[in-house]
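Take this structure first; my questions come after.
Letters A, B, C, D and E mark the chains in the order given here, with residues in each chain numbered from 1 onward.
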């Protein structure tokens, strides 16, 4: 999974049926790359999240038939260097 | 999903049967990378779109047996920084 | 799908059974990256082709049990900027 | 599979149900890229591990319904140049 | 598929069950990137090989339940620019 930050939402009137009513978030990696993910956890702009890609992205949605290749898996509270 | 811009169409007389009659669009990322996607939503040159890759690309087609690894999922109207 | 150019063929005496008798082509992207693809369409050196990756690569073969992650999907005649 | 080093753990109160109670580790590649993986082998910070991605990541978990795209496959004792 | 060179073997006492007794090889791309692959063809250090990734990596193993995302598909004898 990747670590990314939510920077906004995406509005798309014309889209394929398989995405349902899921919110689409615009994410930015720490290298500045933008991606679009569906959001089943309710993240807000500024949140750091981790994302699941590939077929895991579909299964991570409440409806596994959602046609996504990137899904927000969780909101990061903090991460701790071990030991 | 990725954000890309439609820059043209691709003509291929010899192609595998599994792509049916789907239109093939040439897309460009904001870093200049070119890709080819099938287009079930009817995008035009200049449109900014988001794309689904991997197995999600197949399911996003009207015929899930379309042998694509990249499909246009929607045309972006605009995106809004939240908050 | 990606746009690549055929630059040669690959000879491999020892290979896994699952690739059958498919021809293996060496392809080069416009950034110089080399890849190996199976070729169900009969491309020649110098041809520009588009390729399907991931699970779509397997389904694009006449025998869907071909164990490939990259398959030539078609030979590009030309591409046209729209409009 | 990729070679990466464990540098910490991730705490996420809000996450999708499909990750169960698996530990989430933060990994760093030798190029400095950070990723998040589930850890069924019990790695510690500082360990060098190899990771399985894609659908293999799910199957490498005790519960194959874990919705991960990156799983630690083993802790590297050492690697030996052959011959 | 990618072209890579075998540079060594990997020893991992603690690893997930799903990799069976397959040998793990360390491979290097021509850009210096290191990866780990299972080896059903018996490659030696110095050999140039091509690799299958994703779900094809699993199917290319004698036991399709091997939890790998990278498998050596064949040893390259030579490659010939066509024509």
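In the analysis below, a contact is a pair of C-beta atoms (placed from the backbone, for glycine too) under 8 Å apart; a residue touches a chain by one contact, two chains touch by 3 or more.
As the structure is a computational prediction, the values presented were derived from the model and not from experiment.
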Problem - Degree value of the rotation bringing chain C onto chain D, based on Cα positions, nearest 5 - result: 145
Handout entry: chain C and chain E, separation of their C-alpha mean positions in angstrom
Key = 19
Problem - Approximate Å spacing (C-alpha centroids) for the pair chain B, chain E - result: 32
Handout entry: Residues of chain E touching at least two other chains
Key = 53-55, 57
Fill in the blank from the handout: Around the ring, chain C then chain E onward, we get C, E, D, A, B
Problem - Interfacial residue positions of chain C with respect to chain E in the complex - result: 6-16, 18-19, 24, 26, 34-37, 44-46, 53-55, 57-58, 65, 67-70
Problem - Contact footprint of chain A on chain B as seen in their complex - result: 1-3, 30, 40-42, 50, 52-57, 59-60, 71, 73-83
